[in-house]
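The following pair of complexes shares a single chain, chain A, combined with chain B in the former and chain C in the latter.
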Partner chain A sequence: MEKFYLAATSNTPEVDFDFPARRLLLKGESYPESAAAFYGDILNKTSAFLDEMTGETLHISVQLNYFNSSSTKMLFSLFDRLNLAAEEGNTIVLDWHHDIDDETILEFGLELAEDFPAIEFHAHAIES
Partner chain B sequence: MLKEIRFAGDLLIEARAITPEFKNEDVLALFAQKSSLKNLPVLHDDGRPLGLINRNMFHSNMTKPYYPELYSQKSCIAFMDKSPLIVEARLEIEQLTALAVEAGDKVFTDGFIIVSNGKYLGIGQVLDLMHAMTELQARQHRQLIESIQYASVIQQSILAPSRIALNTYFPDTHWLIWEPRDVVGGDMFHFIPTRHEGQDDGFLAVLFDCTGHGVPGAFMTLIAESALAQAIATHGDRDPAALLAAINQYIKHTLNQHDHAIGSRENSDDGLDGMIVRFDKNQQHLIFASARNPLFIMGLNADEAIEVLAGDRKGVGYASTPMDATWYNHIVPITEAKRIFLITDGVIDQVGGTKKIAFGKRRLGQTLIEGRIATASDQKTAFQAAFRSYQGQEKRRDDVTLLALDLIPKSS
Partner chain C sequence: MNTAPEHEPYNPCFPGLDPNLIFFYAGYFSQNIINAIGDAVRLRLEQTETTGSARRKIFSTFIEMAQNIVHYSSDSLTPPDQATLEMRAGSVMVSHVDGTFHIICANPVDPSFALQLEPLLEPLRVMSIEQIKEAYRKTLRAETCEHSKGAGLGFLTIAKDSSAPIEYGFEPAANGMQMFTLKATI
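Moving on to the complex of A and B:
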């Protein structure tokens, strides 16, 4: 499967899903007018990719400093799918970046870690 | 007032056209006669456009060595653009703009030919088209804003009874900030005083943050408001968890999110986060049920820390929330005066500060504690100043609502 790339806008994150390299990146802010429309394609492509993946390692790096509640739901769907891939024998590594003072983003990451235990979760506090 | 420009024909400039019988020396003479003449349309005998001669292009050819000698007596079609943009007068200017952009640079210098049923009428200029498009967009924007402003009147009317009830019940001991990001929004509050045996025994306060903001958010608040009214009619005003469960079912039914056959992602996956709080002053306790929203409780007298009580993690009404979902009634004894704060995530998640990160619960708690001894209205002013200063030049990300209520238990 090919790389999937979307440049960041003021209300959508940079999406750099390098499927061949097994590296996915979300970076920026997420509050599109329609989260379902923005994330629909991302979810479908990721799901199709994961269908083909067995016994491999995938890294996903999340560097978001804001996402609204509709995006939150979409992120849960994404991690739900990744968790499934992990349960099926793949190694999914989530690198969750947050500013050292940003407890809001950290808390959300910890919720994800709790809900999706098959994903290997690493929180990275960024000093700035 | 200027005529409203909607069609290509509205941009018409009558301009002289020539036929292929004209020679290049004739064109040279025409351009020489009139320095403002930028281009010359060339027509078939029956009036259909054949092409467009651009002044600069023509001159740059005719000044080449030997060209005058070679071409002066030839037909003017030699240096004519054979595929200018030709549009029907009845074409809408939005479509015309798309065609002009597609045609590229030359349309910006040469303009375009306007025809009626294929026959030449005149020419149009891109600058006029841009003026018309700007005017059209301003008009459409104005209509949209007026429409949303009127929707805001409706949304505020629905909230008005609760505002009045708050002002009556807590003349000086509450404060409220309700700031939709886009004139209308997805945050709503509801307040009703309750009575027991004819006596004031407390209240029911509700704060909901419906999915989305702006117009879709406002639609959701109307559904939430009806859901709440129906839930209270069925379950009374004393059991927050039962109310959330009933509202969950109502929203799922209303938006067809209960039926997988009808309710797919193309339809809707919407709902709300929020909190219902019941204060029973006789029982000296607070009961709250919450979907993903924290409740802040601050002692008014003592120098104690502000408490943040987490809600349940299930949202209300979403496709992923089961029809029979239940929420938990948290009971908090209130034996001395407290101030509680119901907030939507627009407060906590607002990006700002030097690091461009979320305002956050810790900073919110600190800001509220700093205003502990202040009166309700002073605390509101202080909070607004702190929040605005934190937001700084950053955009508002979401609707922001904060409802602060003083709880005074009946002395036992």
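Moving on to the complex of A and C:
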């Protein structure tokens, strides 16, 4: 499957899903008018890619400064799908970046770690 | 006659208005307008002596309120069935009084929609912060597969960041609508 790339806008993150290299990146801000529309395509492509992946390792790096409530739901769905791929025998490594005093983003990361234990979770506190 | 006490600092951004005003916008809201005024809110908050954590909570509350206006205000410039590039009317205000920020929004809603909002909002006024966080966790999991535009999780996000119980009201407005107001404290 080909690489999927979207440049960042003021309200959507950079999406650099390099499927051939098994590296996915979300970076920036996420508060689009419709998170369901923005993340729908991302979820479909990722799901189709994961359907074909067996016994492999995938790295996902999340470097979001802010995401709104509807983006939160879509991110939860994305990690739900990644957790399934991990339960099916793949290794999924999540690098979760948060500003050092941003407890909201850290808390959401810790919830993902709790809900999706098959994903290897690493939190990274960034000095602002 | 100006009733503001003399010791209050003059507010150069909003001459003649409340000196505690940090930001105020009333009019039509679209995603593009939110992007632009969101930048202004962030810059205004950077001028205040506030922690990064509080600034992020205020910005988050502002975005949730502004996007609710875009999705749910009954005063719409775009056709009601248009799902993208919506433009609807309302207002958002941020004020800073004695070290506390108040974020208040207002927009007209259909009376039938007001009846749907009330049972979402009223429980949030009496719940403890732990109960709000628990409800947030449940709603995140329950709503993820549905196609709601997300007001349930949005209100919980606002309530989770508010240091005092949220306040809301409905008042009769023009054209048989109800004016919905919501207030958070940070």
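Operating definition for what follows: the second predicted complex is superposed on the first by the 128 of 128 C-alpha atoms of A that agree within 3 Å, B and C clash if a C-alpha of one lies under 4 Å from a C-alpha of the other, contacts with A are read in each partner's own complex, and residues count from 1 in each chain.
Here is the rule we use: a contact is a pair of C-beta atoms (placed from the backbone, for glycine too) under 8 Å apart; a residue touches a chain by one contact, two chains touch by 3 or more.
Treat the numbers as computed from the prediction; the structure is a model and nothing was measured.
Novice: Based on the superposed arrangement around chain A, label chain B with chain C as either clash or fit.
Specialist: With chain A aligned, chain B runs into chain C, so clash.
Novice: Classify the contacts of A:D102 with the two partner chains as first (chain B alone), second (chain C alone), both, or neither.
Specialist: The answer is both, since A:D102 touches chain B and chain C.
Novice: Identify the partner contact of A:S69: answer first if only chain B is touched, second if only chain C is, both if each is, neither if none is.
Specialist: In the superposition, A:S69 contacts both chain B and chain C.
Novice: For A:E127 in the superposed arrangement: first (chain B), second (chain C), both or neither?
Specialist: neither
Novice: Spot which of chain B and chain C makes contact with more residues of chain A, would you?
Specialist: C
Novice: After lining up the shared chain so the two structures overlap, which partner does A:E52 touch, if you call chain B first and chain C second: first, second, both or neither?
Specialist: A:E52 sits against neither chain B nor chain C.
Novice: Is A:A36 touching the first partner chain B, the second partner chain C, both, or neither of them?
Specialist: A:A36 sits against chain B and chain C alike.
Novice: Chain B: which of 42-50, 78-86 or 384-392 bumps into chain C?
Specialist: After superposing on chain A, the clashing stretch of chain B is 384-392.
Novice: Identify the residues of chain A that lie in both the chain B contact region and the chain C contact region.
Specialist: 10, 31, 33, 36, 66, 68-70, 73, 99, 101-104, 111, 128
Novice: If we count contacts the way the header does, which residues on chain A are in touch with chain C in the complex?
Specialist: By the definition above, chain A touches chain C via 10-11, 31-37, 66, 68-70, 72-73, 76-77, 80, 99, 101-104, 111, 115, 128.
Novice: Chain A touches which residues of chain B in the complex?
Specialist: 209, 211-214, 265, 269, 273, 313, 315, 318, 320, 345, 348-349, 351, 355-358, 360-362, 395, 397-398
Novice: Contact residues on chain A for chain B in the complex?
Specialist: Going through chain A, the ones touching chain B are 10, 29, 31, 33, 36, 40, 65-66, 68-70, 73, 99, 101-105, 111, 128.
Novice: Can you name the residues of chain C that touch chain A in the complex?
Specialist: Against chain A, chain C makes touches at 30-31, 34-35, 39, 51-53, 56-57, 59-60, 63-64, 67, 70, 83-86, 137, 140-141, 143-145, 147, 149-150, 153-154, 156-157, 161.
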